[in-house]
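Here chain A shows up in two complexes: once beside chain B, once beside chain C.
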Partner chain A sequence: MKLRRILGAGAIAGLVLIGIPTTPAAAQDDPVTMTIGLLQDMSSPNVTVGYLVPEFEVWNLQYATLTSKAADDFSTIPGLAESWVESNGGLTYTYTLREGLKWSDGEPITADDIAYTINRSRDEEWYNHFSTVENLDAVAIDERTVEITSSVPDPKLPTMDVYIVPKHIYEPISFDDLESYEALDGVASGPYSLTEWRSGQDWTMVKNPNYYGRDNGIDRIVYRVFSNADAMVAALQRGEIDAAHNFNASSVEQLQNDENVTVVAGLQGGFTELALNGMAGGIGDGNPALQNIDVRHAIFYAIDRNVLFDRVALGLGSVGTTLSPSADPSWIPDLGDEGFAYDPERSAALLEGAGYVDSDGDGIRETPDGDPLVLRYIVRSESTDAAPIAEFITGWLEAVGIGTETTVMDDTQLYDAQVGGLYDMFVWGWTPYVDPDPMLSYFTCDQVTYDVEEAGYNDANWCDPAYDELYQQQRVELDSAKRREIVAQMLRLFNTESTYLVLLQDPDLQAYRTDRFEGWLQQPANTGPVLFTNSSPTYENLSVIGAEPPVTDDGATEGTTAPDATTAPDATTVDGDSAATTVAPVPAGEDDGGSNTGVIVGIIVAILVVGGGGFFLAKRRGSADDRE
Partner chain B sequence: MRARFVAGKVFGALGTFVFVLVFNFFLFRVVNDDPTGKLFRGRNLSQAQLDRRRQEFNLDGTKFEQFLAYLKQTVSGNLGDSFLSRRPVTTEIREALWPTIALVGTSTILSMLIGIMLGIAAGWRRRSKVDVGATSFAMFTYSVPDFWLGMVLLAFFAVRWPWFPTGGFEDAGSTATGLSALLDQAHHMALPCITLTLAYIGEYMIVMRSSLLDTVNEDFLQLARAKGLRDVAVRRRHAVPNALLPVVSLSALNFGYVLSGAIAVESIYSWPGIGQATLEAIRGPDFPMLQGLFLLFSASMIIANLAVDLLYGLLDPRVRGR
Partner chain C sequence: MSDADETLDVAPTTFSPRAFRWQRRRASAADFWSRFRGDRLALLGLIVLLVFIVMAIAAPWISPKEGLSAVDSIDNPTWAPPGRGYPLGTDNLGRSVAAQFVWGSRVSLWVGLSATVLTIAIGAAVGVTAGFFGRWTDATLMRLTDWFLVIPFLPLAIVLASVLDRSLRNVVLVIAITSWPGTARLVRAQVLTVKQRLYVDRARALGANRAHVIRRHILPNVAPLILANLTLAVPISILTETTLAFLGLGDPTRASWGKTLEEAFNAGAISRNAWWYYVPAGAGIVMVVLAFTLVGRAIEEILDPRLREGGA
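Right after this comes the complex of A and B.
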């Protein structure tokens, strides 16, 4: 037995030795690497397949767009095109490309690449392109000029934010083969190109030497996928990673107390709403009481969104107002006193007025027909906030005499219940694009589900011809001030008439270390996140702390700020210590490729102990057998 | 061993496999038979685009047509493409397989060896200090949930004392190859492996101990002692081989579970294995991935069971006689 104990102890010692802390062997010529931690892997780097947040960041870096978006306010700024001219009453735009543009593999980027991408993605209805290019036709006039004509007035123009793919790579790939294309060609027009993706683990983007914009001095960006948010936070504090995206709200305080870390609660339009069943589709079994607008308003007045913000969202993000149609918060109008501020008395009065009284004294009101007013509330199992929100809301509703029955469902079940109209209320959320059109379109009558086989996006199950008319108007309104006014009218109407109460504006919780890189940019300014934003302007604006500023082609030294960028102090940066911007550069857990002595010694010891022990045992067994 | 015995077992296994093949298709479609709408919620797709995707997913025909297409495809060795990544399911599974085999395989072997040794030590000297110590240790690690143990080990040995990485299969963006890549992987595997090993030890230890206790008072041991054999020889040559039978079947069955991964521990340590792939597929729901994964799980269990049956035939002559 003694021997085995020694063996066991040796094996454990070996394992422990594997973990001896190691000093990074930071060689001088190591590439400068920035590592970003996140909780979600890519679904696919193929721009005609992928649809998750991580791949949009990859495409934002790999594929420059014809026009880009300013970090501050999403306004249209030059991208591959340096200028553009409007003609034909706003239907046609002629774009002039920058001079000397090249793909990362050295091929020239020409107007042909632009026209090819727009026309092919329209004909083949590529998922991430089609809604933008549906009515467009592009013609390459010469190497640097492309003319884009819309068949209908399109207020999104001159913004052209579809990812332009390299024609010389994509042309040989047929429509049938396109979806199974792995898209690891690494041919980029943007600042970085994707070179490796290890599914479930990480992906690496390397600097594109031919990029037209600023060189930030960072050679590689590695995205590391965590499945444990707390481990990701620990990795950030240890310096294993330089930034982290989407951790738990409960980690914010811990990170705020770390002087080398800045926390950002960035808003980009995502929201959580309470949806009541308006039964506009005419299918399902929604409670008829909800078609009475006074009952809906009574429910809205009974809910205290400030408490949800403080207690569930832990004060991160902001309180909801009306539908948030864009990543740009300036689209949301001021609702004045129509914002359904918490008012349980008014709620009760509305119910009384509508004939809903508690006639049997059980605390639950009865409908005018005499049935108890009890609503079926579906709680999403895939959201950690859904259960606490349900606790609060059901309590508030009970206080005004509305009973609830809660059922927990995963998103697939909830989706089925929603399109089938088989619910009274649920809490779910949306994330909008920058242009408000898609989000606004979801609540038109066209998007109501009348037949579950042809389900639409309208999960308010509500529709109003007045809203639809305004929707059609804004769709073709080329005067941007007028369009904003129409959208504001739609949002006010939606707020008072629809079945939605927007509870919370949801933040992207991000944090970055302040000791290796500086120049992090929020998009939009002051309120947005720094990473995984609509056009990812942060990367180009970063600099390595302590590194010589890169020198531009004309010999001038660049500042740390790109021309269209902002470094304005940020209101929603929730760092407790604003002075903690720069400290002495620390070699922050740079990956050292596993070359560390502790590991080697540990493994060798383990092998010796196990191997030697095995040999000794075998010998012993042999001699014992002999003795028998 | 008789050929009829072997053939019977093999045919039984094949029959089970065919049943699983059919059952798998219907199992995942019970709750929802068309996740397309949910998968593309908020993606601003037209009805025509959604219909096209439905067609690509083979979700557009009747259930029976879908089933025939599934059978035809699976029988020809093609598990289809994942709904989420559009990559072949076989590629997705292959990529997740090696991390899982490395982690769960190593910890199964380690826990088996350590558990059996502890079980022998404890069972042979009942109520001794070794027995009390080993039994308490095994009961503790067996009853502690593996995810809790994982979190505690992570909190101490990756955060409080940063000896090990906070997770992952190797250093992020690592370009290491050969030995240095292996060492890097071993460094990353240490904590999850210790977690799983501790979690699995108890099972082996307890089964080994009780089986040995049953054997200790058998007449043939008295006889062996009467022959004048040393205690060690009695234990090794006569007691342990007879007591090993239940442990053999337990081990073989547990090897069948290796390919199922370890969802909780893989999650805690961001380990890119089969457990994580399963979780992702369930979240989709990604029918082709789920079908492929469950086919793999069933196949490995069926093979492990077959191995147990055949092994028993070898080890215990009474079994093959029947």
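Right after this comes the complex of A and C.
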């Protein structure tokens, strides 16, 4: 499952500041390389164990799926399969593969690979496959025909977006060895295959010559991991990298002023929520006051999400409403005036009505039993937004007479506290799939953690039989309009009854240079990001500007440091030219002097260090000689 | 030895022993102050320190606490440079940087002082015990000290701080746990030399028990060393607190200079050139650390005649 993504490890590693050397200059006939900067390393490129966002990008490129998703609206389009027919009342689909499909190592891609992947991942419950293939059975009819049958009505079909792995590589790997498999075999069915991964530094994907789709003219894609967002932004502006993923919102303004850079604040359903402990699991020590729905609503009314949107999200993304179950925003219903708009008076009235009154005049209300109403708030250390959000929320709660005690935890500690029910409130987030089913399933009673040893996904620690019943209905509803209506009903119920207040719809902040490649696609159209999207359609749509010999990194660097005034109208072509001729007619402006100064200082330091070291060694040898 | 001789020389005067003791103390304090006053840098350090201490104590009157609250700053402009109404500008959430600076001095000074006192207390206890009792007590305690000495300081502090809850008390604890071994070694060395002196043997011969010897002879003789060590250890404690807070391991609910630096860094103040956000906190740390170092060095020089210029 695509889980909570882990972001912003850069905050701690940030001590290692800037000063990254430029990528080695490419030789004349070197392959065309596109470099993408990001802050997060992979956990594992192994499709059966990885779970972080970068891994999904690697798999999207390496493993073609039976059906693909349109860039515009996630609709199902042909992938490895060129067509499919329905039978058996929607339970069975028969897919016909494209002709002449080959893996990157030359082996043919057959129906056998597909049946093998689906059946094995179901039997072995592969982490990223299982929710899709749980009820499926696949049979290879012939080389190009595969028949997939579901044991229950499945509205997700005919979409088949599980990553198909090469049978000839995976068959010899036993179930026990699979978890530790390195997955650097480089055998791809998609446009690129992973060949090298240097943990903490970068990974490289090279073009698959046997890919069935369009050739974009880019031979290699390098993903470079930065430990500091500001350093990544600087690298983008210098032209060392062609795109950057997930920088700080505070850099947006600076990048928007750079004419060679386009900034995209793409939404794909990810959100940040305030979760209260509903104690549905019956374990832990959540404050009993939170089981009173009036207290929960009082907390929700005390919080001004518009301020969080303006001051913390800096107006990027959108204000949260209810649970966002899908990367496709059209699933979220209009809540009307059920949306918990900021209303501190109403909040105070709800608390008074529930018997929470400040009887000793210390500014904190007391529970009907006479204890002060103080809630423990866990702040995530791995998000740079968590602390400012906590500043606001604790301030607002204090204003309505609810005390807070904040503690900071990393994601592992927070996870333990959450499954153990050892908290009152925390702020965390989710990123959903395209189909709403998995996200909706997390808040059923089945997913509540009743025993820490068998933890579920339900971190609202709340559940409702009415919600569960609707969940089961939408799960087997094949009429899409009816299913949408049921889901909307679930989301309204979740909004008013649950322990979640969805604070923000989080954007993926991305930026790309416009001077080397063109054809960047947002998924979904207009609102989505361009990179790290659900099915990564951007890559196939890109092309190299000018289509002439590749731009060297040196050239790109010089082009961007040229004073803007001279190159303003058509910066892109100037950059292309200066790159091609290597020694660009760049006036020796201040910027250039600055970088030269840096080099000179570096050289002097190097001489001092080497020279000093040499002197020291010489001295030591001298004194050793003296002694003899 | 010289101490014992002096006592013998002045013994036959007419003062009562208590009055005599007080007179000596007064005299040595006056001597100390006259020497300290002679060191201009130390005096400057002392003045800077007093200014910061007054600021820390008077924080509620200088800058109302509401200035620290994001909710109470909703109407303020964000990223406002220093100017009207905001003497040091505002941060990314519209909070006053001046308020953070004033209130931050409290945490820095408090943690610096209390962590140092705890450090010295642990270090002195271990050092005196090891040095005085010798044998296996010494061996055991010194191996423990060595063990703490060889562990790189910052990683240990980070690990401890991440394992413990984030609170001011734990930051103090982490600093003390990681920085006592130096003091312990120093104190032990001094105890070893003091222990060999004749007057200790005499006291023993006259029937003094160990507690008496430690209290009346050993401790008074290591006290000056501990005092000098104290003032020099404070800057290290302050810097450690700042480091931990900058790494996000400090108390999240208290404004400290390290936390201001962390927040400025996370909010992108550096690439934004919002110097007013991070310069005051940085300057505050530098000034307090420098002031403590200057004062500490002067105290050390006065108490240890070997360090005095021309005092050899």
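The criterion applied here is as follows: the second predicted complex is superposed on the first by the 519 of 628 C-alpha atoms of A that agree within 3 Å, B and C clash if a C-alpha of one lies under 4 Å from a C-alpha of the other, contacts with A are read in each partner's own complex, and residues count from 1 in each chain.
Here is the rule we go by: contacts are C-beta pairs under 8 Å (C-beta built on N, C-alpha and C of every residue); 3 or more make two chains touch, one makes a residue touch a chain.
Model, not experiment: these values are computed from the prediction.
K.L.:
Give the label of whichever partner, chain B or chain C, reaches more residues of chain A.
P.N.:
After superposing on chain A, more of chain A is contacted by B.
K.L.:
For A:M232, is the partner it touches chain B (first), chain C (second), both, or none of the two (neither)?
P.N.:
first
K.L.:
Should A:Q489 be classified as contacting the first partner (chain B), the second (chain C), both, or neither?
P.N.:
neither
K.L.:
With the two complexes superposed on chain A, say which partner A:T92 touches: chain B (first), chain C (second), both, or neither.
P.N.:
So A:T92 meets neither chain B nor chain C here.
K.L.:
Which of the two partners, first being chain B and second being chain C, lies in contact with A:G395: first, second, both, or neither?
P.N.:
In the superposition, A:G395 contacts chain C only.
K.L.:
Classify the contacts of A:R311 with the two partner chains as first (chain B alone), second (chain C alone), both, or neither.
P.N.:
In the superposed model, A:R311 contacts chain C only, not chain B.
K.L.:
Regarding the shared-chain residue A:V379, is it in contact with chain B (first), chain C (second), both, or neither?
P.N.:
In the superposed model, A:V379 contacts chain C only, not chain B.
K.L.:
Is A:N292 in contact with chain B, with chain C, with both, or with neither (first, second, both, neither)?
P.N.:
In the superposition, A:N292 contacts neither chain B nor chain C.
K.L.:
Would you tell me the residues on chain A in contact with chain B in one complex that are also in contact with chain C in the other?
P.N.:
11, 15, 230, 234
K.L.:
Residue numbers of chain C touching chain A in their complex, please.
P.N.:
The touching residues are 69-72, 74, 78, 92-94, 162, 165-166, 247-248, 252-253, 263, 265-272.
K.L.:
Quick check: in the complex, which residue numbers of chain A touch chain B?
P.N.:
Per the stated touch rule, the residues are 1, 4, 8, 11, 15-16, 18-21, 33, 35, 41, 43-44, 46, 49, 51, 125, 127, 130-131, 179-180, 182, 196, 198-202, 204, 220, 222-228, 230-232, 234-235, 238, 240-241, 382, 411-413, 415-416, 419, 430-431, 433, 438, 441-442, 454-457, 591-596, 599-600, 603, 621, 624, 627-628.
K.L.:
Quick one: in the complex, what on chain B touches chain A?
P.N.:
Touch residues, chain B against chain A: 31-32, 35, 37-38, 40-49, 52, 56, 81, 84-88, 92, 95-96, 110, 114, 117, 121, 130, 151, 154, 157-159, 161-176, 180-181, 183-187, 190-191, 193-194, 229-230, 232-233, 236-237, 266-273, 276-277, 280, 283, 285.
K.L.:
In their complex, what parts of chain A are in touch with chain C?
P.N.:
11-12, 14-15, 229-230, 233-234, 248, 250-251, 254, 307, 311-312, 379, 381, 384, 387-388, 390-392, 395-396, 398-399, 406-408, 410
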